[in-house]
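There are two complexes below, and they share subunit A, which is joined by subunit B in the first and by subunit C in the second.
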Partner chain A sequence: MDILITGVLLGATYSLIAMGLTLQYGVARIMNLANGEMLVAGAFGAFWVFTTQKLSPFTSVAFVAPGAFVLNWLIYRFLLRPLVRRAKNRGMLEVDSILATFGMAFAFVGIMLLVFGGEYFTYSYLDEPVAIFGSPFGLNRVVACLVSVALCGLLYLGLNATRTGMALRAVAVDPAAAGLVAIDVPRMSTFAFALGGAVTAVGGIVLSTFLTMDASIGIVFTMKALIIVIMGGVGDVRGAIIASLILGLAETAVASLIDPGLTLAAAYLLFLLVLLFRPEGLFGRRQS
Partner chain B sequence: MLECRNLSVSYGHHRALDNIAVHIAPGEIVVILGANGAGKSTLLQAIAGLVPASDGGQILLDGKSIKNLPPHLIVEAGLALVPEGRRIFGDLTVLENLVLGAYAERARPTEKDNLGRALTLFPRLAERRRQIARTMSGGEQQMVAIGRAMMSAPSILMLDEPSLGLSPILCTELFKALAEIRKTGAGILLVEQNARQGLAIADRGYLLENGRIVGEGSAVSLAGDPAVQKAYLGGVAGGTGRAWPLTPTKPSIAT
Partner chain C sequence: MTRRETVSVAMVAVALAILACLPFLVDGYLLSLAVGIAMYTVLATSWALFSGPTHYISLATAAFYGLGAYVVAAGVDVIPYAVLLGLAGIAGGVVAALVGLATLRLSGVYFVIFTLGLAELVRQIVTWVQNNLTGSRGMYVLTEITERMIFWELLALAAAVYLIGWLVTRSRLGFALRIIGNDEVVAAHVGINSAASKLALFVISGTFAGTVGAVMAPRFTYIEPSIAFSPELSFQVVIMALLGGVHRLWGPLVGVIPFTILWEVIAGRFPTQTVLLLGIAFLLIVYLIPNGVVGRIESAIKLAGRSVKHG
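Moving on, here comes the complex of A and B:
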């Protein structure tokens, strides 16, 4: 039961970071390997607000979200659009964007090491137990879960109930056909990439309330987001949420039943199994 | 009014379209006939902005140049394409597909009216508005594609082989729908494999061969032309222009 609840709490938080990558990969078609660095930058924002301004880490959303949005907008507009333009097909764009963002990830790590230093950073926020079904859980984890669920719900609603959301999904399904219904595809892709970056950075704020991070830990979260997005099916929001819960549960189960050191190994094992048996995602269809 | 003058398209060294001149007036149905690889789809794609047109030629919609604009601005100018293979948004519902058709600014004010019209034209879509589009039959998907294009309130509607893969009954229904759409005042440019039904509904036609227009005329005169009959109508001896049997010459795959 404890495993179940801890797993769900963790998984819900993961779904927020996966949502960021889903927008970037599913709509803008950029497999962004620098995704985790954006998350760490967001976490730094929360850390800074909490330690120097003595404010709730969640107040950092006010500048982290718009900041990440603008930064990702610029990255897409000036670094990635040329790749999109010259790509002859989707596979070529995928390879190019993986290489470009992989390099970008190293650059970000370097910049963050320079700006924030190499130490681990952690802070104690709402670190008090709260009882769920008789067992104690960290209040910070519960709050993180609730915030994630609320944000994911908001995104889901936005994607399904607004015209812009519908246009984003249309671009995800078929960019060429989206152009034929007067959707400005390059602009929508830029918007999706920027929004995805903002969501990821906010995910970093949420995670920082209960995880210890350092400047170079981003890659771990990139991999987790990647696992979830592949498992859930590219561009499939519902799939991503379920996959996040599965990953959260699997990590928690392995950590508490076998050994905490094997958490990452469990995640990769899951990834391998998905790639071997359901490469199109849990609910995905094979390309026809 | 859509007008192409000296329109050429090259893929590398290969000239896919060479100095094409076509025009479509409001309320007119124009059919383009040609063998596979003649350049029919390329012509529609060049007009819709999906493939770049070579320098020199012109594409005018109501007097304004739309040549090599990005596709979304061409839709905004009043031209809609029902592409080859339909290209509907398979993961979205029928209603979402239709509503997205009215994404263009020009179509927003009349969105409700156009939706009503599309659902009257294709009652099947009204019944299935909540269904995920990809789970529907080929004919129904074609209705979604045409309905979606109609939602942008186009002054010119272009269709790339809409009857491909449809059963004869569905084909007949489809062409009836096109006749209805013409009544709204839109001009229709149709690329068709099914030359017989295409000519039966069209006012005029062009013959496209190896990227060049090799003939044009009223649909009746084209249908009566022995050379056209030989090349596109399976060589049925006709004469009066209406004497051919009503079964299509090419086997259709019912879906």
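Moving on, here comes the complex of A and C:
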């Protein structure tokens, strides 16, 4: 029971990160390997606000989210769009964007090492127990879960109930056809990429309230987000949420039953199962 | 074998023989630089054997390399070193085969993702095994092997990589891989078993990376997961291969030599900014010279030839 609840709490937080990557990969078609670094940058923002300004880490959303949005907008506009133009087909774009974002990931790690140094950073926020079904859980985890659920709900609503959301979904399904019905595909892709980056950075804030991080841990979160997105089916928001919960549960089970050092192995095991049995994702349709 | 090929093979053999005398002429700093260049030549060339024609980007070199180093560290006191080199190669090949079996029948994205975290995964598992079974994280590799011998071993490996690469390019397998790289659907339609072809090359590449790790292990003396599985290694290998150019067998070499020397200078002068500078160098290469230096030179030659004809 403890594992179940902790797993769901963790999984709900992961779903926020997965949403960010779904927007970037599903809509903008950019396999962003620098995703985890954006997350760590957001976490650094929260850390800074909490330790130097003595404010709640969630107040850092006020500058982290717009900052990440602008930064990712600029990255897409000036670094990735040339690649989109250069690519002759989707395969080439994938190769190029993987290489470019992999380079960016290293550049980001380098910048963060310069600015913040290589130490682990952690802070204790709302580190008090609350009882759920009679067992104690960290209040920070519960709050993180609630914030994530609220933000995911907001995003889901935005994607399904607004015109912009509909345009984004149309681009995700077929960029060429979306262009035919007067959707500005380059603009929507840029917007999706920037929004995805902002969501990821906010995910970093949420995670930082209960996880210890350092400048070079981003790649682990990139892996997790990628695994969730593949497991849920690329561009499928509902699948991503369920996949996040599964990953959260699996990691918690491994961490508490075997060893906390093996969480990535748990993620890989899930990934392997998906690759072997359902490479198109949990709810994906099999390609003919 | 055509006449031109005979000449190139002879030239490569002579070049290797000359290089083999190098340790008698230089030592200390220059020799260690030469070891670095030889190491990256083997790693980058074997990487390009697979990733060049297929466009499947492997980010897992560090995983095989670290695994090879660990095989040596674990067995150095009980098993002869030469056997360990073979075992390390086999370990690299087996892991590559497992990864390849899981991912290579699907599209390239799955493969990239799987290799991206592979070094981290192997590191977690090795750390866990050490914590639970041996009790200590680090291991000592104390051997009689000198820097000179490491250089010769790497040179022999380089010769093997070039030989295998040359044979593969000439074979049906190499032809199949080039077709897969151009269009996988076409490859499937003309009856190429694309998953098996890719798997074969990836296993070769993994075997070499594992062996290189084992060769380099005595140089570390002390091995720890964070040293052996450094993600920067995978990254540097990809950078160097791309800088040189991956569509020619000797392309990566053109990238390895300048980059290794440049990197020595940079790492000495700005030790804290290496990660940032690596990232920037990588971005410059991806954006400015997508086909590598060799690709640039070749298109320049082609252009010059055309203008001569017209003029």
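Heads up, the rule we're going with is that the second predicted complex is superposed on the first by the 287 of 288 C-alpha atoms of A that agree within 3 Å, B and C clash if a C-alpha of one lies under 4 Å from a C-alpha of the other, contacts with A are read in each partner's own complex, and residues count from 1 in each chain.
We adopt the following convention: a contact is a pair of C-beta atoms (placed from the backbone, for glycine too) under 8 Å apart; a residue touches a chain by one contact, two chains touch by 3 or more.
Here the structure is a predicted model, which is why all the values come from computation and not from measurement.
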- request: Determine, under the contact definition given at the top, whether A:I227 touches first (subunit B), second (subunit C), both, or neither.
  value: second
Task: Check the residue A:G110 against both partner chains and state whether it touches subunit B (first), subunit C (second), both, or neither.
output: second
Message: Quick one: is A:D174 in contact with subunit B, with subunit C, with both, or with neither? Answer first, second, both or neither.
response: first
Touched partner set for A:L264, first subunit B, second subunit C, both or neither: second
- prompt: Is A:L275 contacted by the first partner subunit B, the second partner subunit C, both or neither?
  reply: second
Query: Quick one: subunit B or subunit C, who's touching more of subunit A?
result: C
Message: Just to be sure I read the superposition right, which of the two partners does A:D184 touch: subunit B = first, subunit C = second, or both, or neither?
response: first
- prompt: Where does A:L151 make contact in the superposed view: on subunit B (first), on subunit C (second), on both, or on neither?
  reply: neither
Message: Does any part of subunit A touch subunit B in one structure and subunit C in the other, and if so which residues?
response: none
- prompt: Residues of subunit C touching subunit A in their complex?
  reply: 55, 57, 59, 102-103, 106, 108-110, 112-114, 116-117, 120-121, 124-125, 127-128, 131-132, 231, 235, 238, 242, 272-280, 282-283, 286-287, 290
Residues of subunit A touching subunit C in the complex: 31, 33, 79, 82, 86, 91, 94-96, 98-100, 102-111, 113-114, 216, 219-220, 222-223, 226-227, 230, 259, 261-265, 267-268, 271-272, 275-276, 279
Task: Please name which positions on subunit B make contact with subunit A in the complex.
output: 48-50, 70-73, 75-76, 80-81, 83, 87-92, 96, 99-101, 103-105, 107, 148-149, 151-152
Message: Quick check on the complex: what are the subunit A residues that touch subunit B?
response: 163, 166-167, 169-170, 172-174, 176-186
